[in-house]
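Given below, in the form of structure tokens, are the structures.
Both of the next two complexes hold chain A, though its partner changes from chain B to chain C.
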Partner chain A sequence: RSIANWLLRRRQLSPFGACVNRRGGASAALLTDESAPDRHSLDRHVGLLYRPEEADWQAVTRHFCRPELVRLFDTLGQRALMVRRPALEIGERLAEHAGDGRPCLRFVLYGRRGSGKSLQMGHVASACRRRGWLLVTVHNAHLWMRHSRELHESAHRPGMFDTAGYGCIWLRHFYAMNQEILPGLRVTKELSWNAKESTPAGSSWKEVIDYALARPRYSCAAVQFLIDEIKLGSLPMPTLVCFEVANCLWWHRSGIKNDAIRRTPLQGEEPPWRADITAKQLTLLDAFKQLLDSDWNNGAAVMSVSPQGALFDRLREWMPRKLLGDEGFAYLDPFVPVYVEPYGPAEMSNMLNWYTESGWLTSEAAATDAGRAELAFLSDGNAGELLRIAGEW
Partner chain B sequence: MLLGAAGCCTRGCQSAVRQFRSSAASAAVASPRKAQQQQKPPTSPAPQQQQQSEDPKAASLRAVKVTSAIRAYLKSAENYDKFIRMERENFELGKRFLASILGVSVADLTQENIEKAIQYLFPSALQCDYTGRPNHSMFYMKQPNFYQLLSDIAWKVEQLKRKEDEHLRAGRLVPARTNLDLSNSHWLDKQQIEKRLLETVSDAQYSQAIAALEFLVAMPLSAEESEFIMQYRNVIVGTATELPLPELQFDEATQRPYSEAYGQRKWATASCRLYSGGIGRFTVNGESILEAFPLLADREALASPLVVTGMLGKVDIDATVTVSSPEQPEGRLRVRTRVDDVAYMASQAGALRLAIARAIACHLPTKQLRDRLRMSGLLTPDMRLPERFYYGQDGPRAKVMEQHWQKTVVRMLGPNVRQQICNRLSQGDSAQRLFIFGCIVLILTASTQPQMMLHQDRISSFSSSPASLVNSLAVAEQLASNGLFYDASGGLICFHCSVRLQSGSSDPLQQHLHQRPRCYLQKLLRLAAGSDDKILLADVAADHDRFDRALRRLHADLKSSTSVQFAQTFGLSPELLQFAATRHFMRNGGSMPNRAGDLIELAHECSDQVHPSLLQVQIVHILAERSPNEAVGVAAFFN
Partner chain C sequence: MTPTGKLLLLSGLARRLLAAPSNHSLAAAGYSNSSSSNSSDVWSIGEGGVDDAGAASVSGRRGASSRRAGFAGYSAADVAAAAAASNTAGFRSLVVPGLTKEAAKPPLLRSRHPLTPRCDRMKPAHSSWPSVWPTARTFHPAAVPLPVRQGRPNNATENAGISPNKWGNTELIKVPNFLHLTPAHVAAHCAAIKHLCTPWPKALDEPGVIDKQLPLLVVTTDYLRSHHSIRDIRARRVDLSLCLDRLVKLDKRSLEKLLCLVSFSNFAKVDTQVVGSSRVRHLRMWSDRCPWRFQNYDYLIYALSALYSQSLRHESWESGKAWIDNQRYEFDGSSSQKKLAKLANEPATNAVTHYRNALIKLHRQPENGGTGETHDSLRQYGRAVEFLLGIGKGGGGGGGGPVKKLDASSAQQTGQTKRTTERQAAS
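Up next is the complex of A and B:
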């Protein structure tokens, strides 16, 4: 009799086939077996958790996670990500309207800080990777403007500045992400680095990247060259551009000064003023900005705008119009705005269940109904905030 | 008869009791007849009788033989006598004391009375019954009352278990513990437990007892033992009187019940409209709660009334919060960057918390829940207000390290003037503040008698003055803090404008004003002293633009001057060079020395004349004080 009682008290089969606790409190998290992001669908998987495949995770998804989240997954020894509506909606549009030489589609993910914009972008990117798209992803461009790394005047674009270190880092990242595709790609025209050296037409992209990695001075030129190739539309597969914190492209201030490259003025030359180097003057950022334009085909661009990279007078803003400013908004217009909303009750409950199940939420209070309501209130449905608070509970 | 209640628990008292009883016992046998019998020590009754019966010769012979034993005996007998005498004295004294306590004469105090009084005064000391066995069954555990408590708890737990079993055996549902409401009470702390048990208890034992009590509370039928449990809990008595709480209203369109309330804390006021039967929607000024209150602690404060009443996620709240700027003098702390937006957040959260608590009270179904809200202090408004800002301090109570200009003023003019200037800065307008800082820089760098700039130096200059001029240290100090010193040629001289006061004047300060009305030192001192002379104030106001332009330029020049930077490569300190450059600026109509060589020469001149402690002052810091807005730059560019 006691066992029956215990069962009655603890468990009851829910209509979804998962265990739901009749007295409230934590129960088993709802996970889906479908680990391939491109096979998730809006009508069956929204709000469920999935375990990303190791290859996907290593190649793509982990780059879109905050370091806290990566550390959490390492600590728990398991990974689970939530399938949410924005990523699936973008995926649907891409499947219908992108690729096959059609014009570039542009999506702007927006939402409050910590609501999960990057992870949604990661979901889209890993789905596209499985479909064989070329991935061009930039994760921390706003940090490129924070500290200068090997800043020097650009040879291939006079009046602008190269950040050779960041160029190399990005090329390596790009190569690692598209390892399977890149060896098959050939450049269509000759690229002359300087008066003596050039890369002939028909050589592979890998050679271009290797050349630039061997001579960091040309890394930004190489990036520009590859992006030109993409925009030419000669690739056999579509391209997905993911750019996080896209609003940084229109900042009028930065953390780097032109000190590093100031020199003694020549005879009759006006001495340069000490000033910020803006995004417009950095060749690397300008190259990616060209990819966000709509004047190319066979691809799509997914951006996010975030107060994380906002100037100090816009720290509390999160709408694209405010974050992008007049100039940025005019540049990106028209785009598809995609709102990443806070967790709904079902999503929140599922997330709390998973945190409890995986041992991240350990306190007894967090397993009760009251505790879960308090966690939902305190985090206000915000994924990042929930992660932080759950660590403290 | 407080003695018995208060003093019966300590060990010292027990020993006192023992003494009292022993002396009482000795007194009880102290009737003369018995005393003679028992006075002899029981150990050696024989030798005295033998001494009396034998002849003296033999006795003397024997006495020689046993003299050491006898001596020992006599000594012990003597000690015993002394002991008994003292005990008897103590007894008589105690008896008289007892008689005075009881309010009877000593003669009326019988042995029976004494026994009764002891029993009354020291009940706990009588731990043994008449057979000598301890009354308490746990006497030998050293802390009988503590172990008795643990044992009681264990017994009660067993009883509750048995009752629960009876319920189960009869097939009834075990009632949940509904009657035992512990929300308005908490466990006794260690001192209170000790006082209750009349025993000292270690920390570990205390937590053991509390754990046992909590285990008892957690039993399903613990409400039946509520009387026992509440003995070990402190009931919180709410001090708040019954407040008029808002009444329930109904939305006209939807007939949805709601209530409205307001709250305040410090300078923040909040009002909220709370709908029952909601889904947990919460907006503050139209924003989500996370945006409005980015700090977790603030959100926790807001959650507290809802958590206490169990209404979290069951009500919808629309709130408005505003912070009114308090009446404060203009000062450094008023200027805030946007990064400091969180500065007034806690008070806003506090105001809103009070509003929510008031609004939710009328939605609560039971009085018990309302009581819980009040007991937890959530309905009590916090009427305190922040103290005003004082110039030159970090906070109203927090003193900061003296700033550069304050050190300078103390060294130049003495501590009194500094205090006056601080007061003036707190009360005066921006023109006066600018004037004060401008004058400090001017007097510091452009004085005509820089060797007499130190307050101390001027005081010591009066040591050679005639007594008719300065007859006490107080007078010397006053003159010195007004910038005057005594010159060997006989006369008072102002260190700033070098005016020599005509001798024979009764009031040197008036004389100075009369002779040199445009001396900036005089103007500064009069302004600091709180003078409301209209001409002076008009002067100050008229000087505003000129001062502002000059100081602005000086500030910019000092920071960007190439000659100052270049001269530093010669090993001169930047403070000294700034001093010299400012002196040049002040004395040459606002121009900086344009050659480093001039500046170095000037610097050497200054270091010869001016006291080194004044040369360490950073003029740029004083200049930064003049208008607080400029001192605060862009605080953070990236987050």
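Up next is the complex of A and C:
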């Protein structure tokens, strides 16, 4: 509060002080003290900013933010995220209905690039984590399809390809996110890695993950085994699956060609026709796709569709049916589409206030009504655009 | 050789004299051809022409002269007149045709200054342009009463820096002209064939009647180019348009087949206009694949006939049509319908109806009765799904499992007990 007063006095003393014609109370950013996302409610907290707790941030929310937002928070030394309607609506549905023995509920977030879909998913994920759910989050599926990293033919699923590097990275990320829950989880059946090695039933999930991290070529198989466990529906807690850029799972193109394995054909074997390796042929992506199906209980899936997953095509589309295509839509049907809108006037005002208070907007013109109107116009309500443009003011 | 003989040689007539036998005796006897009978008294030998040869040569000369007069083609009367004119003091003058300069010839018909050209003599009141220029013809400067110029001088000295006029202008001759198609021409042509025409039916002027009576619309375009060639290859294109309601015997199945066949072609499409609650469908085809316009028209008529007859014909293998072959989205047979069976509970009928309507509205494009993908249709779909699955604000509705609240007594809820009770207490 004292900082706000100091800023107000500084504005009054500056040569642009006369331009400031806002009402006194409106310059303050509206923050809420409620830092627990699962306690945010539609009545009270919509449009307010909240500061995530350190543990939540490091474990969950950080992964859903764009690198530039993480850098911003590091620069400013403080974090504030906006509580918005889509996340609260999904959170409400999940709290009431998921995990009741009904099939997996599916929500698809859609909106323009930079409108805040991933952050809404992050809000839902941290709320569910606080409720004790198991989190399975995938952030980089579209990047997995652009570059191949240690691609090799799959042993546990013949005819498909393993990406061992990405499997290991994901297992490490999964473990870090669910550190408190994982020690309590046990594997229900024996997992055989190959003819000789196997993990017995009843061993903890941590052992499986450790084994896969030590033997990277089995990392995708480990992911598949864990997902099979989740789909049995016998876990003590519900599972939340968060999949960013889900439309890349049904894409017919990718950045990987099928000669990325670079092995010489066997004698008598024809070299394969050079084509893209699609998501259907990657075991890691197919495993997560199985989680998005509705044939398992005790869980929910929240995913977003974005032109980023559209890979060389449909770059201007942002509606779910066009991005998912006929196949993706038929797979996910019935799902609840949730639109992430651009900022409304109240949200925009609040965001600009916070940028000013935290010191991101340094220009004196940004404090004036005309400057704020210009910022609102240039960004057109898009959260990501506002962040980038405000960096220049 | 006498001087006259030399003259004769020079004139080239001596050849004839030497060839022909001399008939001095005949000449001396006064014999001559009838044409020169008048000139027997006239000495055609010039003054002082008597030489040393004596009488023989004189007679020979006389004979020669009379013969010469006959060969050279001048009549004796001309020679006599010329001699008489030039003869002064009673002396006969020597007139050598071709050599003697004759005085006072009548003026030639072709002179340096021609007659006034026709274009300057033409008066609008007296002449009609169609009669001057009845058909297409190359430009003629004298016939066209216009001060037309064409061309551009390269510099200020060429043609005094102005465009060349029409006289001798080949550029004006090279380009096509339409002087044979002026309004006066057109009026004259129309007047000539008017007796073969019937009046325009007044009933066709009412709106909508002409579409009913003449349903086929054929559009062709003519192009005019001011270029060295007046041809334009775009003129061969023919567009054809037909309202599908006018095709009789086209039932639902045939119409679907026609739409399917049209979707395969790259020269036909069906435009659907939503007018109020009804749909008006137009079949539009175009062709510029043939070099000439009438060929393209014939092709379009053939293609239309083939399309119509094939869509009326139903093959046995068409019964193998799958759900994906539908022209527009159908809920029956779709994967969404199949998934309804996999729901945990049997959904209520009205929930299924809402779901079906929402899907149809979302998938079908406006020309097929839906709205396509919009925020509204997506929101409606979301609400229908919530109602179907039993989630949502109300929490009631159709399918979904039994609602089991997490309770504190369950041993599985480690670490959640407190929070659960808080939530239950709050709600």
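Worth pointing out:
We take it that the second predicted complex is superposed on the first by the 361 of 393 C-alpha atoms of A that agree within 3 Å, B and C clash if a C-alpha of one lies under 4 Å from a C-alpha of the other, contacts with A are read in each partner's own complex, and residues count from 1 in each chain.
Please note the rule applied: a contact is a pair of C-beta atoms (placed from the backbone, for glycine too) under 8 Å apart; a residue touches a chain by one contact, two chains touch by 3 or more.
Just so we're clear, the structure is a prediction, and the values are computed from it rather than from any experiment.
Room for both chain B and chain C is found when the two structures are superposed via chain A, with no clash between them. Once the two complexes are overlaid on the shared chain, A:97 sits against chain C while remaining clear of chain B.
Residue contacts after overlaying the shared chain place A:160 against neither chain B nor chain C. Of the two partner chains, chain B is the only one touched by A:376; chain C is not.
In the overlay built on the shared chain, the residue A:31 is in contact with neither chain B nor chain C. In the superposition on chain A, contact of A:255 is made with chain B only, not with chain C. In the superposition on chain A, A:76 makes contact with neither chain B nor chain C.
Our summary of the superposed model lists a minimum C-alpha distance of 11 Å between chain B and chain C. Shared contact residues of chain A, touching chain B in one structure and chain C in the other, are absent.
Residue ranges of chain A in contact with chain C, taken from their complex: 93, 95-97, 99-103, 105, 110, 130-132, 184, 236-237, 294-295, 297, 319-322, 330, 333-339. The touching residues of chain B, when paired with chain A in their complex, are 279-280, 282, 288-291, 296, 299-300, 303, 306-307, 310, 312-313, 338-339, 634-639.
In the complex of the two chains, the chain A residues touching chain B come out as 112, 142, 146, 253, 255, 308-313, 315-316, 342, 345, 370, 373-374, 376-380, 382, 385, 389, 392.
Those residues of chain C whose C-beta lies close enough to touch chain A in the complex are 334-336, 339, 342-344, 355, 359, 362-363, 373, 375, 378-379, 381-382, 385-386, 388-392, 395, 400-404, 406, 412-416, 419, 423.
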